[in-house]
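Each of the two complexes below includes chain A, the first together with chain B, the second together with chain C.
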Partner chain A sequence: MSAIEVINLQREFQTTIGVFNRKKKIVPAVKGISFEIAGGELFGLLGPNGAGKTTSVKMLTTLLIPTGGTAKILGLDIVNDAEAVRPRIGFIFGGERGLYWRLNATDNLRYFASLYYLDPAVSKKRIPYLLEMVGLTDRADEKVEGYSRGMRQRLHIARALLHDPEVLFLDEPTMGLDPVGARELRQTVRNLQDEKKTILLTTHYMFEADALCQRVAVINKGEIVAMDTPSKLKDSVNDLSVVEIEVFGIPPETVEKIKTLSMVENVSVEDRDQLQLLLVHTSKGAEAIPLLISELNGLKLGKVTTREPTLEDAYVRLVGGE
Partner chain B sequence: MTAWQRIKANLRVVFMAFEIELRQSFTDAFVLFGIIVQPTIVAFMALWMLKDQVANYAIFVVVGSAMTGLWTTLLFQGGNSITGERWTGTLEPLSCAPAPLRAVVSGKLLANITQSLLSLICCYTFISLIMGLPLTIANPGLFAGSIVLTVVAFIAFGLIIGSLFILNPDVQRFQNGLEFVVYIFSGFLFPIALLPMWTTPFSYILTPYWAARALHAASSGTGSDGEIYFCWAMLIVFSILYAIVSKFLFKSILRKAREDATLNMQ
Partner chain C sequence: MIMEKLKLNIKIFFEGAYLSYVGLFRWLSPSTYLATLIFSPLTQMLFFVLIGTYAQGTDKAYFYVIGNALMNAAMSGIYGVTMSIGGDRWDGTLPYLFGAPANRMTVFLGRAFMHILNGMIGVLTGLLWGWLLFHIDYSAANPWALLLTILVTTFSTSGLGLLMGCIGLITRNVMFVNNTVYFVLLVFSGANLDLATLPSWMRIVSNYLPLTRGIASARLIIAGHSLTEVLPLLIEEFGIGLFFALLGYSLFRWFEITAKKRGTLEVF
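Let's look at the complex of A and B:
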């Protein structure tokens, strides 16, 4: 039996537009996704902002009722058996919300321990253990409002693990963390995987999914566009090379013009302080460089390199450069 | 988990929510102003105006104003604390924890009521001592019993109101309207006999009405013991009824909130 089984799951939101002549508008957020996650697997759900990752996790954690399809956690239906699902899952949502800032870490955990019906004798041992595990023992008696973002995120993890759930949902857990904080948190996730927890991790950091997940599904505009192991997804872009050109002050119209070149599949621009890094996906490899440089005529250029595609490049191909 | 173990676990949740709500209140300067400074000023003004009145009139007004304070605290502090949970993103983890959300809300309401009640009792006692105006309670035993049942009745009533705040944050717009409706129909400040006859059934289904009647009768000595016991019986019956209704209300409202995605402030 799969730990998580999702069949054609859908969710629409209703919104209103206009002030005087208000009209209802249906916005589809998740358009029928299906996947299965085996017990003890760490599965990644990748996608850009607004792709439907958080909505999917909220449905699976019983916070939202789907408008279509079904899903089962450990064989239990997320709508009809919601009360039986809840003690067996843990979840954290990215960001700093979801904690009591005017309380300290210990009191936050004591409160949630009671909500999960933990025996006081058990929670007395479990809370210090979890605080130690997430590295908050020394700050446990300080109010959460004085914590850094990374510390709050680690407290979220401790909260989610209080009742030792079999299945964990981690929605963008490293969002907004500094590199050191993010690395520590990834190590915590690895440790959880070693404990054979089933984990659904959503992220838009490709290297994170590559480093942690056994399988990933790429979700875009509410639909799963690919699902495989990270290495197989990378194989799907073996026909491509990536040309990286450092350029100073590239105008948007030049980027648009490069996109129209026949040998170019995708173009993206990353800001790097004073310069931009132009990333061009092309099947021609280094042969494309002269033509690309001619298109950038008149602009100050830095380093020009070619490299093998990564999972991020596979992702960019799948989500169409978004 | 056996039924008895579940009851014990849920009671633990109620007391934990009570403790957490109080701890949070005492670290909020605005709340401290509301429970210490403001009631002291109100008590001073009320007792200054009543210093030449007969004793049982003074106690009628003091109990009446205490009831209004209790109801306002329940409605605003209780309602706003649920909205606050929504803003801070904690309503979601509370709603999908194994413990029923009703237990959490009951604990929060108990904290709000206790806080309000203690603050009012302390302020009025303190000011009456300073002004040398004794506030005599005609029947202290029945008054104490009425207070206990009032707390229970207000929690039961608060559960009905609280469920509406969980449904949608827009309910806050109607807070002021709800505040005065209950003041008037419950006879906090003047007897409901002054209202049109057709409004009486509304008063009878409100637990604050029976609470106000019991407290007024026990404090001023204007009602018989039998009348107070009758009010107690009504408080118990309606509190049980409210608790049963709130159970179904919470279930359907939480489902509706999950359908409409209103558990979190987006």
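Let's look at the complex of A and C:
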């Protein structure tokens, strides 16, 4: 039996637009997604803003009723058996809200432990253990109000683990963390996986999915557009190579022009201080360089390199970079 | 098994009670809290006792002292409970609360518990000020009957507070609504007005509010009446509190279910 089984899960939202002439509008956030996650697997849900990641996680954590489809967690239906699901899952939503700001870390955990019916004798040991694990022992007596974002995020991890759940949902756990904090958090996630927990993680970051997840589903506009191991997803772009050209002050028209070239699949521009980095996906590899340089005629150029595609490039291909 | 569950629910109840109190404490700091506890019952009482005795004569001081002392029950019942329930919205903890297996009734009632204690202390402090400043004589009162009256009244105003707290989950303007409710109680409960002199429609409103019977009962007890004489009043006062608390609880459940259907758990 898989730990998580999602069958054609859907969710629409009704919103009203306009102030005087109010109209109802249906927003389809998740348009029928299906996947299975095996026990002990670390599965990534990857997608751009508004793709439907949080909405999916909310449904799977019993906080939002689906408008269609079903899902089972450890064999239990997320709607009909919601009460049985809750004690067996833990979840965090990225961001710093969701803690009692006027209480200190220990008191926050104490309250949540009681909400999960933890035996007081157990929580007495578990709380200091978790505080130690997320590195908050020294600051455990301070009000959460005075915590940094990263500290709050780590307290959330401790909160989600209080009742030692078998299945974990982590919605953008590294959001807003500095690189060191994010790295530590990823290590924590790896450790959890070593404890054979089933984990569903959402993220915007390819390298994060690549580094952590055994399988990744790429979700875009409420639909799953690809699902595989990170290396297989990378294979899917093996026919591509990426040409990177450093260029000073590239006009938008030139970028548009390059996009129309037949051997070019995708173009993006990243700003780097004084210069821009032009990233061109092409099937031609290094052969494309002369043509590209002639298009950039008259502009001052820096380094020109070709490289293998990364998972990020696969992702850009899948969600069709804006 | 059932005993075990009960024990854990009692735990949730007291943890919630304790922590909503700690939350309050941390917010006010112990010294501010103590000052509020001691002096806030004084200000409102002083105002009404001085105006009232100016208009009606100093022998009516007991009327205003008792009425305003019991208004403290409404103060902590309504504002305190609203803050500890509505606070979940501000802290963004609702998804974590509603994603937990905890029994909702226990969570809900735990939030009110400490404010009942707080309210009782407030009422007693108010009475103490009346004795110190206006020399109100409590010697005829049966102390246990008086305590019971205070307990029941604080319970019933906290019941109303639970309902207001849930309204606080739904609207942004709960403080405005609270002020209105507090003002309505101030006028209609008979704290500062002789209900017999009110127009009949106002007396009907009074009849459906918590506090009215509690104040009446306290005045009777302090005037030397026995517990059996005020017992019917207290039972009704308790019933009204229970009614509002249950209404609040239903609203709490409704809020959770609707929010999960509509996706409005974190919408402001």
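Points worth noting:
Operating definition for what follows: the second predicted complex is superposed on the first by the 321 of 322 C-alpha atoms of A that agree within 3 Å, B and C clash if a C-alpha of one lies under 4 Å from a C-alpha of the other, contacts with A are read in each partner's own complex, and residues count from 1 in each chain.
As a working rule, a residue touches a chain if its C-beta (ideal position, glycine included) is under 8 Å from a C-beta of that chain, and two chains touch if they have at least 3 such contacts.
Quantities reported herein were computed from a predicted structural model and do not represent experimental measurements.
Aligning the two structures on chain A places chain B and chain C in clashing positions. By the touch criterion stated above, A:Ala314 is placed in contact with neither chain B nor chain C. By the document's definition of touching, both partners, chain B and chain C, reach A:Arg159.
When the shared chain is aligned, chain B and chain C each come close enough to touch A:Leu63. Contact with both chain B and chain C is seen for A:Leu103 once the two complexes are overlaid on the shared chain. In the superposition on chain A, contact is made by A:Tyr111 with both chain B and chain C. Overlap of the chain B and chain C interfaces on chain A: residues 13-14, 58, 61-65, 83, 86-87, 91, 93, 97-103, 107, 110-112, 114-117, 120, 143, 159. Chain B contributes residues 1, 9, 12-13, 16-17, 20, 23-24, 27-28, 88-90, 92-99, 104, 255, 258-261, 263-264 to its touches with chain A in the complex.
Within the complex formed with chain A, the residues of chain C that make contact are 5, 8, 11-12, 15-16, 19, 22-24, 26-27, 87, 91-93, 95-102, 107, 260-263, 265. The part of chain A that touches chain C in the complex is made up of residues 11, 13-14, 55, 58, 61-65, 83, 86-87, 91, 93, 97-103, 107, 110-112, 114-117, 119-120, 143, 159. Chain A meets chain B in the complex at residues 13-14, 58, 61-65, 82-83, 86-87, 91, 93, 95, 97-103, 107, 110-112, 114-117, 120, 143, 159.
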